[in-house]
Amino acid sequence: MSIFVDEKTRVVVQGITGRDGSFHTRQMMAYGTRVVAGVTPGKGGRAFEGPGGAVVPVFDTVAEAVARTGADASVVYVPPAFAASAIMEAADARIPFVVCVTEGIPVLDMTRAHALARDRGSRVLGPNCPGIICPGKTTLGIIPGRIVAPGPVGLISRSGTLTYEAVHHLTRAGLGQTACVGIGGDPLIGTSFVDCLEAFAADPGTEAVVMIGEIGGTAEQKAAAWAGENLDIPVVGFIAGRTAPPGKRMGHAGAIISGSAGTAEEKTRAFEENGIRVALRPSEISALVADALGR
Amino acid sequence: MSIFVDEKTRVVVQGITGRDGSFHTRQMMAYGTRVVAGVTPGKGGRAFEGPGGAVVPVFDTVAEAVARTGADASVVYVPPAFAASAIMEAADARIPFVVCVTEGIPVLDMTRAHALARDRGSRVLGPNCPGIICPGKTTLGIIPGRIVAPGPVGLISRSGTLTYEAVHHLTRAGLGQTACVGIGGDPLIGTSFVDCLEAFAADPGTEAVVMIGEIGGTAEQKAAAWAGENLDIPVVGFIAGRTAPPGKRMGHAGAIISGSAGTAEEKTRAFEENGIRVALRPSEISALVADALGR
Amino acid sequence: MNLHEYQAKELFRAAGMAVNPGEVAGDARAVRRIAERWDGKVVVKAQVHSGGRGKAGGVRLARTAGEAESSAEAILGMEINGLAVERVLVSPLEEIASEAYAGVLVDRDSQCPVLMVSAEGGVDIEEVARDNPDAIHRLHVDPRYGLMPHQAFGLAGKLFRDPAQRRQGARIIAQLYQVFVENGASMAEINPLIATAAGEVLAIDAKVSLDDNELFRRPALAALRDPGSEDEAERKAREKGLSFVRLEGNVGCCVNGAGLAMATMDLVKHCGGEPANFLDIGGSSNPDKVVAALEIITADPAVRVILFNIFGGITRCDDVARGIVEATRRIEIEAPIVIRLTGTNERLAREILADAGFAAGTSMDEVVQEAVRLAG
Amino acid sequence: MNLHEYQAKELFRAAGMAVNPGEVAGDARAVRRIAERWDGKVVVKAQVHSGGRGKAGGVRLARTAGEAESSAEAILGMEINGLAVERVLVSPLEEIASEAYAGVLVDRDSQCPVLMVSAEGGVDIEEVARDNPDAIHRLHVDPRYGLMPHQAFGLAGKLFRDPAQRRQGARIIAQLYQVFVENGASMAEINPLIATAAGEVLAIDAKVSLDDNELFRRPALAALRDPGSEDEAERKAREKGLSFVRLEGNVGCCVNGAGLAMATMDLVKHCGGEPANFLDIGGSSNPDKVVAALEIITADPAVRVILFNIFGGITRCDDVARGIVEATRRIEIEAPIVIRLTGTNERLAREILADAGFAAGTSMDEVVQEAVRLAG
């Protein structure tokens, strides 16, 4: 099983003719994602060549792409100056699920984009996220397909490569995944840990969840509280940034400790208080999951 | 019976210390309206003296007034430059029913105010309207209490004094009212003919409806179509402005014929096509109502 | 309040829009000098608050400066729909490859600004709306978000196929919306929005109406009002806070409330008369307003009878009565005055009127019939 | 990007806010001349990107111009939290009747700007938040509507009882929000917002942080960056598009991805070592970035070992390998380099490294342990 998307999801790629957009569109198509349309303003009418001779029509606007192809999810690979507008365009075209990979979008732009997405009933994943992969089914974003495998574990993470590290260990330990979701490293993200936990809770295929958090904000604490209250499958946690100094932005715009909130200690405590076992090294995650699943 | 408000409605008056606000607050209180609070920014803490020694507390903000008095309706007597903000304040304080008497509010201000009212779930009556009176129960606005009487007729109108003219005839003919609603003469109004028709349709006390329209827009046509489709009590109509020239604003900002839409002929035809008998003179309205009610 | 084309274009330019150049002049010699700057190849356009300028001969093309001068001579002083032309706008001729339309106004139903574009520009958009409604594309702008870039780009795609022109069109549409919002307009329009032979997208006409209710906070815009373009009586009424529209008949009407005023006009007509005007003295009780109203009505030589129809609510009948008495003292009124009064302070009003020798009825029907009879 | 107080105050003044006057100077003689203008009764404040200026002695009051000069001498050249003070702001002393706080930032949970005000101003707001959280009043601003007048007036009521001061306070709160939004700030703060003895409401301090992601479209604001206030290595990293934070240890870290970079630091510590830095080379595959990263890391004399941890996704391992080889050719690197590579083009990367005499592991745990061992 999977969450949010599956093999039937029809994907439009915004910024398909750009450097990142074209590269990752081919990667997604090679994995099996149904990329049905691309959008680049001013390049409507062209055809994008995917792997194996597959051809994807390019449109000027998302609305046209939806009208002509029935796309029901979007992936945004658009430079930061225009990315919030691209999300708003997708939401305004009533795309129900929008993945935004772009990093570096102004936060005030995102306050408006998130507001419109809420008004239009669109779920945004990200921005500044690697996307979502449902092993064996579909991938939207940039998570490398070769490190995942189908199986019973749901994974949620604020980061990109750290997610790969954890998934890699899981896959090598024979613990495949229902879905791996990178929710993004920005302070304002459209899909939270809790949103993903709810989705995994409703997915009969998911038997355990891995949550990979980091310093900054209180999203992990909320997720832990929610899991403690509502989730009856085991959760394994990891928090990056135990050695990060306060007040410094650690790469991700969201990874900054302000005041006493947002430290790794606080988050670790919240995890443990809610029955979530916390790995101290990425390599420990798979062992804790195997243990929790009784394997 | 009544619609939207009744004798239990707790009213806050915005602009209570102003010339119009204070005069009409006393009129409303004299009629029996439960005026529980007033708001004038900068005058919080004062007391407003109503008729018969009654005292109304004045607050700086609507939020305070609601918190302290449980007000659940507002009447706005605030100059046009600040009236849209006053409506937004009321909506933001989650007042479910807001009457705005003020005339001359910039239309673009009202696009925002109406949007917020929708977002916050507030119904706005007006602006540029005389308000609503439920004979024997309550009055919010400026409709003179002495011309109405309780009875089975619901009245909806875009104008003020023309409403009085019609009500006056009804009352003298022994045809009292459940409620008389002035929806306002502006192009953008919060409560439409259809909204009022729906409310009257749900009110068991209303046995006939009078709709007094005028040139400009297509609200009367929509109301006629709705009534033809949904209403099983008789409706009597009147349209003002049969002699108005096109392209000229007849007093009300909304009363302007543009193109072929919005003429009195179009509206009269829409009424008649939907079984609404149309009076050619205000004085005919009561006779048509009496006839429709079989009196 | 309507702006002249040249004023509207200034607002467009201030927003950075690509607008064709132009200069305003009030006499034909000046037009010749301006036209020389563009080799005489210009268009001379009457600046007047009226549609159908072209059909009325108020827009002329010239190939030489001399032609421009004689065109200006023909246009200046011309009357278009009763309005004298006092100024012309002179602009260089553009080579037009295509003509489109773009406009924005506030839509009553959605309560939002609505942008309208059509690839059929340069013609009366009302006609397009009637004859070929599918040629007009509408977009409702959510006032909470304003016009979003993809929306402007989407609309521009209805007008231009060439990507560069589409981008220019999108920019102009966004600027049109910006002008509309930032100046408190009730309507803003470009017709035509052209692509030139060289491929540039350019606004070569401009029409902006401002929301009168916005003017109090926009003194610079309020100052653009052209007093010469307004009917004298309507101007005076506006200054006195009265709503007045001149009509063709001979029954002068003075009513409180716009709806009742229209209904009164209708009843005059229904009884076989012809109203001379729409006049709403508004809700406030002020004898001075009544005096001003009577001055405006009696200034119209066609008026044979003056009809008051007052339903007192906020308006106090005694204030109206005092105004009538005061006016008859100050100005010579030959036409008979017929009065209907009911409502607030009605009794006091009747006493005041009786002291001055006036009677007043209570029935609108009866009084209107009487007025029509007197207008004979 | 943090602004200095004097820069933030300029933004406030541009929005029309009532801000106390002040002038910036870089030497004590100039401070004396400035102070004379206000009879010597001034406050001299270090302009440095650090909190706790007062506690560190960076804010001094003077009663005479001479005192102002000696205060400036004491402050200029002082180090506050490792940052040298190069400029002071000189302002006249105000008679303070009350001190309040007003600030705005974007709230993660509501995804809206949130305004915070407190009648307890002039002190560390974090302390107030901890010790007396009820003294802080929060308002979420719906970004679709912006700050509405009643909201600003409501907040001002938490600060001022006097109606005139409340109105002034509401105006300043609205202006603060305007500065925040119009300049793309991530934080804007007035602490304290005072009422003077004469009853005026005035911002006498100002703190603004700009969202780095906004700077590309705000060149005038980007130009306000004070290069002297930045760590040299952090400045260079920023210019090269790297995320870098200097730490205290001796294991230089070079990682792709912020989360993995933090996890690597944590693992270094977990294995008994101390990371010398956080460094994320980002996702793009670019040998030049790797060279720049190595230059920055090796410029730190404390570094005893350099640890690469690369999980190739978008990042191509061969690009990183090329960068390492290239850097060792261009610069002298004494510290041993320990490499972990896995993912995209891993095999090619190993070949490139082997040709240059480097080995690379595949296990993060093993390689980190090795690096810690080598750092000794």
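Going in written order, the chains are labelled A, B, C and D, and every chain counts its residues from 1.
Keep this in mind: a contact is a pair of C-beta atoms (placed from the backbone, for glycine too) under 8 Å apart; a residue touches a chain by one contact, two chains touch by 3 or more.
Predicted model only: the values in this text are computed from it and were never measured.
Novice: What chains touch subunit A and also subunit C?
Specialist: Common neighbours, subunit A/subunit C: D.
Novice: Looking at CA centres, what chain is most distant from subunit A?
Specialist: Most remote chain from subunit A, centroid-wise, comes out as C.
Novice: Could you let me know which interface, C-D or A-D, is made of more C-beta pairs in contact?
Specialist: A-D
Novice: Could you state the distance in Å from the CA-based centre of subunit A to that of subunit B?
Specialist: Here the centre of subunit B sits 51 Å away from the centre of subunit A.
Novice: Using Cα averages as centroids, what's the distance between subunit A and subunit D in whole Å?
Specialist: 28
Novice: Subunit B to subunit D: how many Å between their CA centres?
Specialist: Inter-chain centre distance comes to 55 Å.
Novice: Identify all positions of subunit D at which a residue touches two or more other chains, and write them in rising order.
Specialist: 144-145
Novice: Which positions in subunit B touch two or more other chains at once?
Specialist: 112, 115, 119
Novice: Among line, ring, star, complete and other, which one matches the pattern of chain touches?
Specialist: Here the contact pattern is something else, fitting no line, ring, star or complete shape.
Novice: Please give all chain pairs that are in touch with each other.
Specialist: A-C, A-D, B-C, B-D, C-D
Novice: Taking the complex as given, what residues does subunit C use to touch subunit A?
Specialist: 144-145, 148-151, 153-154, 157, 163, 166-167
Novice: Under the touch definition given earlier, write down the residues of subunit D that touch subunit A in their complex.
Specialist: It comes out as residues 106, 108-109, 111-113, 126, 129-130, 142-144, 181, 184, 186, 211, 213-214, 216-217, 243, 245, 247, 255-263, 265-270, 275, 278, 280, 283, 311-315, 342-344, 363-365.
Novice: Which stretch or stretches of subunit A touch subunit C in the complex?
Specialist: Touching subunit C: residues 41-44, 60-63, 82, 85-86, 88-89, 92, 112, 115-116, 119 of subunit A.
Novice: Which positions of subunit B touch subunit C when the two form their complex?
Specialist: Within the complex, subunit B contacts subunit C at residues 20, 80-81, 103-108, 110-112, 114-115, 119, 130, 142-144, 147, 157-165, 168, 185, 187-188, 212, 214-215, 217-219, 238, 240-245, 248-255, 259-260, 264, 280-283.
Novice: How about subunit C: which of its residues touch subunit D in the complex?
Specialist: For subunit C paired with subunit D, touching residues are 144-145.
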